[in-house]
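All chains are identified by letter, namely A, B and C, in their written order; residue positions are counted from 1 within each chain.
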Amino acid sequence: MQNKSSSRLMNAPSTGWLFALPASFLMFLFIVVPFCLAFYFSFTNQRFASPNAAEYVGLENFRQLLSVSVLTIEPERDPATSAILKEADGATKYPTVRSFTRNPDYPQYKGMREWFSWSSGDNRKVLLTSDVVFMKALVNTFLFVLFVAPLQGGIALCLALMINQKLRGINIFRTIYFMPVVISMVVVALLWRFIYDGQNGLLNTLLSGLTFGLFQPVDWLGNTSTAFPSLIAMSIWQAVGFHMVIWLSGLQTIPVSLYEAADIEGVSAWQRFRYVTWPGLRNTAILVLLVITMQAFALFIQVDVMTEGGPVDSTQSVVFQAIERGYGKQDISGGSAISVVLFLIVLTISLMQRYLTREKS
Amino acid sequence: MQATQKQPRGLFWRYALLVFVALIFCFPLVFMTMSSLKPDLQLLTDTESIRAFLPVGDISFDNYVAAFKRAPVALFVFNSILVTGTTVLLSLFLCSLAAFSFVFLDWKGRNIILACIVATLIVPFETIAIPMLMLVNKLPWIGLNGFEIGWLDSYHVQIIPLIADGLTIFLFVQYFKDLPRELIEAARIEGASWWQIYYKVIMPLAGPVMATAAILKFLAMYNQYLWPLISVQAEQYRPVMIGLQYFFQLNVAWGEVMAYLTMITLPVLAFYLVLQRAFIASIASTGIKG
Amino acid sequence: MKKFAVGAALLASLLTSTAAFAATELSMWYHGAGNEVEQKILNGIITDFNAAQADYTIKLEQFPQGAYNDSVTAAAASGKLPDIIDVDGPVMPGWVWAGYMAPLTVDPAAYSKFLPGAVGTYNGKVYSVGLWDAAVAMTARKSVLEANGIRIPTVDTPWTAEEFDAALVKLQASGKFEFPLDLGMAWKGEWYPYAFGPFIQSFGGDLVNRDGYKTADGALNGEAAVKFGKYWQSLFARKLAPGTSQDGADRDTGFVNGKYAISWNGNWAALNAVKAFGNDVLFLPAPDFGKGPKIGAASWQFGVAASSKNQEGANKFITFALQDKYLTAFSDGIGLIPPTPESAAASINYKAGGPMEVFFGLSAKQAMLRPVYPGYAVAAKVYEKALSDLANGAEVEATLDAAADEITKDIEKNGGYAPKM
């Protein structure tokens, strides 16, 4: 990358150390050391408040979190004819999952719970896990990342393109679009509770006004089907301005001469975007995607302020569970185990991301 | 696109779109500010109509007066600004210095350390808060009361552990990488010291990244809740987000909550608007990039 | 420079020793930050105490309630607890078990006449005493019940489960209300185990098996508990009560505004109802779902930190605070139930013929302590989540099984919460 002479010019081991030391030391002391402690806690039964000394428990905390097994349930049969029994509504009758998980004859299923089930021939297959809430939190967090990353990135890019026009007063609009970013997520979440309120919330008022009263009020945060999308929409609203600015600075690095050349060719607006703008944004795109992914995995405040994971776990998130257990239930070891799992997941993803982006460039 | 710009009708629709989007981004804030001026009952019934966004009905500053009575609002805002301001300044300085060293100086181990620092981006703060609490409780400090062990219940416990972070360093590193190395080589040949190069050559060019890093750090610090909650006990050191809890009694006085939210949001907005100018100016002047 | 420092230290030590009469400072934490009236009364007691004797002065630090428990736990983890701790009744055993609190040495005569809910006993020792108790009742309007031909229950003959359900259905059919019953689902947190724990107990279940506190299996997911769970779920499925997404403001004003016919609410909210409807207001006892009518007992109480070097002074202050006039003052100020007959008689709301007199009787007759064991904080959270999930339609048996397992697992993980001697 650099030629020899510049390398020699730049060679300054003691100064290098000296400049890097203060920040590196602080990070070592206040991030690396506590994280190693948390890592250690995840192998113990450490509590926030307890007179008992913490003991080493090996992988027990992780086993509690991640155990999964498949239970095959055969339909109930008539003892005499061995015909399959039916419920009143015609559905096949199965013994309850409970009769296995709470049965001393099946110690391997003890303490496990149904996550979901499907049918396989006459039998019903049930996926059991020792921690359904954590599994749901994990799935939700992935869903959140999967929805938020492209949506937020895409909307932010549209906004950036809008703001990149040479219009009088455009700076005012940019300032306004960025404003939600500087407002605390706690404040935003509190305000949006008024927007999503099931009876006279602002959103319901607006929608029924637009449809001249035809719209039936929806309890946005109270329905298992709407709660999570509502959180996603609000999160995008809050953070999209930030990514707009990143895109914007990327747009500004594209040389004007390229656009002029394109104009001379007489291309359409879409072609201009596709062949001039977008290729110039590749590095920015990587940055935007990376930052959004990181932020999305940390989903917590929205859940904490607005839904506490409900209704029926439809808005659980991994960080929310880590904190709920570590602080709410005073189980530091359990909370730490979740943190470690999250760390490993995000590490894997960022390594993958890095690998993929490196190969292309 | 450019061709249509001169046509008034196209212009109208462009502005209409811009204004529409602006409304989407504005309305919760307008709702907050307007609500802070209304008595609780009116505030809650107004959400059924456009009145929620208008200063109508029984308008007064009563909620603000009541909020000041309920909690030492000025103290909380002062604490937050003090802690946040100090941290942001120290963070910008130390992180940019480290990034400068990682990008421009050759020394053994810099790549490994940088990789470790970037890896810390992944650790959510909440997950290390309790071990950190145990740690700071054992650290020594020399202050006005002489030597003592344990950092709890102070301003510095809210500042020092949060100064350096991976994201700030990462932002500086990414930005510095794009700066032309010839600048530094030239300065080196002229005999400038590394400190002079950092201070006189690089930092004057770092406007945009400084603004970005400052905004992000400011926000992260100003919104701290968990860390001050567990590391600070005395009211005299409490920041704004802990103060918010003062307003959530059994029967929530929503008018006061709105007044408090408005008051704690104002300093951030002001900070942002000031920086915003620097931000725009620096983006416009970035001839060196790309 | 060094010499000066030594001299200053010497001077300082001289000053303190000559001022042998100077009072020892006791620190005290309280959860009332943001509540002006509460602060004023407590500061009054402290001023009186500081003036009444010369050995100790109290220095008060206030916390907002939402942040209080976490602050105490964090402070304990770092050895920073105050001398006098304010503790929510059901949390006390946990703090005792963790070694935060020392038994009181206050003369038992000082609280012998107190309502049982105001005295915090664990493992046979008294650790905390409260200046008030709280109680929950069904707030309703006489005129409404009469118009619908519904019997007005009394403390001696409360509604049976059938009567209760029939009353709700009738009120719903009257079409005059958005919901016949307001349970206060908007109040997340401790309200759930406090207000709805007694329901499952009245059905014959419980959060945990109180016999030895070793398991929740059978108590929280047994037959009685499942019956409760199904009934609880039906309240929401039949739209008899607003669910978990109830608007906080509706909780506060819904009854007064006529949205709800009956509101399951604490005595602290009773004054609003009295103000709105005067004599028409009734505070009805909890219904009897089979095992007797029950409501939750115990509120915030004062205790002494085990780490305190001035436990004697801390106990002195608590003794001082237990005077009837202060009990009455808290009651008059924030509507809480005075814990002694004398302080009740002197209070505005709980004296004979006072608008909230009935609460004193409810507290004395129906009150049942929440499970008294160190894992309560966990059990409370688990129960809260289970009730929310049930209200939102989760499968009853599976939900209660999972809750029972989690509570049992927590007990096992903590070595059965055996007291550390």
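In this text, contacts are C-beta pairs under 8 Å (C-beta built on N, C-alpha and C of every residue); 3 or more make two chains touch, one makes a residue touch a chain.
This structure is a prediction, so every number in the text was calculated from the model and none was measured.
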item: Chain pair that, of all pairs, has the most C-beta pairs in contact; value: A-B
item: Relative to chain A, chain with the most remote C-alpha centre; value: C
item: Chain centre separation (chain A, chain B; CA means) in Å; value: 22
item: Cα-centroid distance, chain B relative to chain C, in whole angstrom; value: 38
item: For chain A paired with chain C, centre-to-centre distance based on mean C-alpha positions, whole Å; value: 36
item: Overlap residues in chain C, where contacts from two or more other chains coincide; value: 70, 77
item: Of all residues in chain A, the ones touching two or more other chains; value: 48, 197, 200, 327
item: Multi-partner residues of chain B (at least 2 other chains); value: 44, 130, 134
item: Residues of chain B that touch chain A when the two form their complex; value: 1-2, 5, 11, 14-15, 17-18, 21-22, 24-29, 31-32, 44-45, 47-49, 52, 94-95, 97-98, 100-102, 104-108, 110, 113, 116-117, 119-124, 126-132, 134-135, 160-166, 169, 174, 181, 184-185, 188-189, 194, 198, 208, 212, 215, 219, 222-223, 225-226, 241, 244, 257, 261, 264-265, 268-269, 271-273, 276, 280, 283, 286, 289-290
item: Complex contact set, residues of chain A against chain B; value: 2, 6-7, 9-20, 22-24, 26-27, 29-35, 37-38, 41, 48, 159, 162, 165-167, 170-171, 173, 175-188, 190-192, 194-195, 197, 200-202, 205, 237, 241, 245, 248-249, 252-255, 263, 269, 272, 287, 294, 297-298, 300, 319, 322-323, 326-327, 332, 335-336, 338-339, 342-343, 346-347, 350
item: In the complex, chain B residues that touch chain C; value: 40-41, 44, 69-71, 130, 133-134, 137, 150, 152-153, 229-231, 233-235, 242-243, 245-252, 254
item: Chain C residues within the chain A interface of the complex; value: 70, 73, 76-77, 94-95, 97-100, 188, 243-245, 247, 250, 377-378, 381, 385, 388-389, 392-394, 397-398, 401-402, 405, 409-410, 413-415, 420
item: List of chain C residues in touch with chain B within their complex; value: 29, 33-36, 61-67, 70-71, 74-75, 77-80, 187, 248-249, 252-253, 266, 268-269
